[in-house]
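Note that chain A is present in both complexes that follow, paired respectively with chain B and with chain C.
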Partner chain A sequence: MRLITHNMLSCNIKGVTNGFPLRIEAGNVIKKEVDFNPDFIRHMFAKLEWKALVEGARSMGYAELPEDSPDAAVLESDESFLKKLHHALLELHLEEGALVCPETGRKFPVNKGIPNMLLHEDEV
Partner chain B sequence: MWFLCVFYHRLLDFRKPEVEALAELFGEEIAENESLQWRLPVHHHNDTPFHFVQLSSEEIARNIAKRSILVKGMYELWGEGTCYEELKDSILSYSDSRKLQFLTSDSTFRISVETFGKGLTFDEQKDRIQSLTYIPFEGRVNLKNPDHNFFLMEMIESEENNGLQPILQRRIFFGREVGFADRKLLPTFQLKSRTYLGPTAMDAEMAFLMANQAKATSGKLVYDPFVGTGSILVSAAQFGAMTMGADIDIRVVRDGRGPDCNVWSNFKQYGLPMPVALLRMDNNLPPWRSGLKEIFDAIICDPPYGVRAGGRKSGGRKILRGTVDPYTVPDDKRTDHIPSTGAYSLVECVHDLLHLAARMLVMKGRLVFFFPVLRDETGGEVKFPEHPCFKLVAVSEQILSSRYSRFLLTMVKVEPYSEEIKEAARLMHLEFRENHLKWLEDGNIHSSVFKPIDSSQIHTDPKAFKDPKPKYRGKYV
Partner chain C sequence: MANRPELLAPPEIFYDETEARKYTSSSRIVDIQAKLSERALELLALPEDGVPRFLLDIGCGSGLSGETISEYGHHWLGLDISASMLNVAVEREVEGDLLLGDMGQGLGLRPGVIDGAISISAVQWLCNADKTSHEPRLRLKAFFGSLYRCLSRGARAVFQVYPENIKQRELILRQALQAGFGGGLVVDYPHSTKKRKEFLVLTCGSVQTSIQTGKNECDEGCSEDDFSEDEESGMVSMSDRNRPRKRQKPNKKGKTREWILRKKEQSRRKGNDVPADSKYTGRKRKSCF
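Now for the complex of A and B:
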């Protein structure tokens, strides 16, 4: 599971209002190289929840991202920033671990890189 | 500029929508609520492989032909006629300023003869090429790799034509090739040699057609909420898109059939970039964070029709019916518990899909999906699900059996999502469900497709049983 995915997910158990962001319990994190596509990264930047991304990256062992969300102007001028963002979003993989709901503590397991977001019968 | 567009003679309903989508992708300016201009050759029926289309540049025509699955070639027409005399007049009257630049002495060329409706011997082909001596070719012939490729295409009149409308009159076209199809694509990607398959894996040709309808290209994010074995995403990835998929069945998505036989290995087989994400989730209760919207450029999918694979959603049969209260699984059993899932009707599934697309697609993003329809029930026009955020831009029928077809629907998001729209959509959904045939709601499409033929319908007289109409294959294949 990559951070780009983590940035989209929240806990959707019935009754939970504050299910985002999910805390990452990193079991096994690996790095996989992905071709750099600056257009794609710029396109995604606008949709991200920055704080959640920085937190998530830290849980996966990457602390190079700035705390505050940079201006859009940085995207055009600073390629090294784009590369860092690319690395954080697409190249860090959580193979085994869990995503934990901040409100209920419910753990959504991540196995073989695939998060299991299915709810149990009593959570629906 | 008008181009002669020659199609492969298959999937007739899919041909023009594909060209329209690709034209838009490659920069053709098409006004709101308008489409490309098409013209038929004289005496030809709409099913003909020959169509004239107006495009603003040769480059767009070339790009369309290269990426298209159903276009065989795009040509600049130099002349046409019902016989070779007419063809000669037509070619001679075509402006020299257009012709001469391709006939120069320092260029190489080739003339190919193609016939539709009858094969020609090598000598017959040679004779036809020789008859073109009035065209001042000054360059040298190069059969392998010419600068300019010319085609002499003859459509020969015939009564029987694989169930096509009979061709009333011969027509001959002569043109310069502007663009041609990539014939290596389908043989490379065919399912026959795919590592990981499932029962409903989308056939390669259709998956590419869907990816073209969705305008999948580099820099875009394409999502499939019913990913299964990833067959649709593979095609989108081949065209350069970043892909993402989800499925409720974890065995298909995570495990596959082993470490070298799963969704990832399908991408590895073709050297394509891996999907950005694969998730297990329920589209009926998706885990998207509440602020998330307008993130996908296209959603391409094949929702479960309930015929060969049924849809599932969270809850379990008994809970959904209310026979049993939601139960709590004891803590010690929770970690490996596989939550029960219950039946998920096609109508509800499509409603959730439209809702997902309305929220998650960027403006002008495309939703491309299949919708099954029973054939004998609908006497008149088929009704499709609607949503206030979407405009239906293309409908293509693929007949699957005598009992049912599926329609590939292409919808474009034209309105942003809002709470008011959500309410309007809910009402549209209820109306669709109420007014539509009962078979959709009950999931009875499966029984309708597989019910045995009523034996009383089988005539005892073998002659009478013979099909009165010749089988028209056009929409089947």
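Now for the complex of A and C:
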């Protein structure tokens, strides 16, 4: 699972109001190279929750992203920033670990890179 | 298929390891899935600006449809309930992220993050109650509601479905409407029982471009069923422009040229290869034939 997906996932348990972002417990993180496309990164930037991304990246061992969300000028001109964002979003894979709901503490295990988001009968 | 898989077992049990492998190694299925995915992507009408988008593949299974999405240059997130199918996807090293989840429990995605969603041969599984705690209507509601929320404005969802009967199709349509979607049903090759494929095209937010008409061999309009939000009665209006006409039996003198031409036209509409009509069509042959 990559950070681009983690940034969109929220806990779906009935009654939970603050299920985003899920905390990452990283067991095994690997890096896989992906072709860099600046247009895609700019397109996705508008949808990202920046703080969640920075925290998530740090849990996966990548601390190069700036704390504050950069403004539009940086997006247009600064290619090194875009490359860092690309690396964080698309190239870091969480293979083994867990995602933890911030409100209930419920753990969603991650195996072979696939998070198990199936809810139990009483959580629906 | 002789038996519909939905009637045999719930999807996470039907698609066990053996079935998952069988499904993915059948070249016929791989081919069909590729064609259906291409058509679904076409119907998504993503802007042609060369910017890759982030799509959702619902019921992604072993990643057959996801591979088509990657081929078109987009990034994707796949959801499926069968761990065995997802394991095959991991083996095939698909480029999208995979989630093990039940679409009937809601998608659990933040609002407005998805640029488009496709689903190939998956949504009909929602219509069967596989556990005593399941109520299909509630599951469909959870699914469509969460899908509507996570799609960005102007994004579309395209589902290729195999509804068991009209009731099932109407159930799916009604739940989609209630969630706030607009859209229509696109039917390719409506006259051919073998080639016929149905695509449910849902839109949220304003619709800028019109929805394509279904494919057909000749240029006649084909049965395209539009529905619009009718809040009072919640009705879905369907129109069938192509009623079957009475066939003309060959008269006592033998098969007339007119009859032959009509039969050839019918065959063309089904999508078969038919020789072109000429002055020789239906011409009286010499007695030795």
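Throughout what follows, the second predicted complex is superposed on the first by the 124 of 124 C-alpha atoms of A that agree within 3 Å, B and C clash if a C-alpha of one lies under 4 Å from a C-alpha of the other, contacts with A are read in each partner's own complex, and residues count from 1 in each chain.
Basically, a contact is a pair of C-beta atoms (placed from the backbone, for glycine too) under 8 Å apart; a residue touches a chain by one contact, two chains touch by 3 or more.
All of these numbers come straight from a predicted model, not from anything done at the bench.
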Side-by-side fit of chain B and chain C on chain A, or clash: clash
First (chain B), second (chain C), both or neither touched by A:V124: both
Chain B versus chain C as contact partner of A:N28, first or second or both or neither: neither
Contacts of A:K47 with chain B and chain C, given as first, second, both or neither: both
When the two complexes are fitted on chain A, the stretch of chain B hitting chain C, from 95-103, 131-139 or 293-301: 293-301
Common interface residues of chain A - those touching chain B in one complex and chain C in the other: 1-2, 4-5, 7-12, 19-20, 34, 37, 39-40, 43-44, 47, 49, 90, 112-119, 121, 124
Residue ranges of chain C in contact with chain A within the complex: 50-54, 75, 77, 81, 83, 86-87, 90, 95, 97-102, 105-110, 112-114, 133, 142, 146, 150, 152
Complex contact set, residues of chain A against chain B: 1-2, 4-5, 7-12, 19-21, 32, 34-35, 37, 39-40, 43-44, 47, 49, 90, 108-109, 111-122, 124
For the chain B and chain A complex, residues of the former touching the latter: 218-221, 242, 244, 248, 250, 253-255, 273-274, 276-282, 285-292, 294-295, 314-316, 319, 326-329, 334-335, 337, 339-340
Touch list for chain A against partner chain C, complex: 1-2, 4-5, 7-12, 19-20, 34, 37, 39-40, 43-44, 47, 49, 90, 112-119, 121, 124
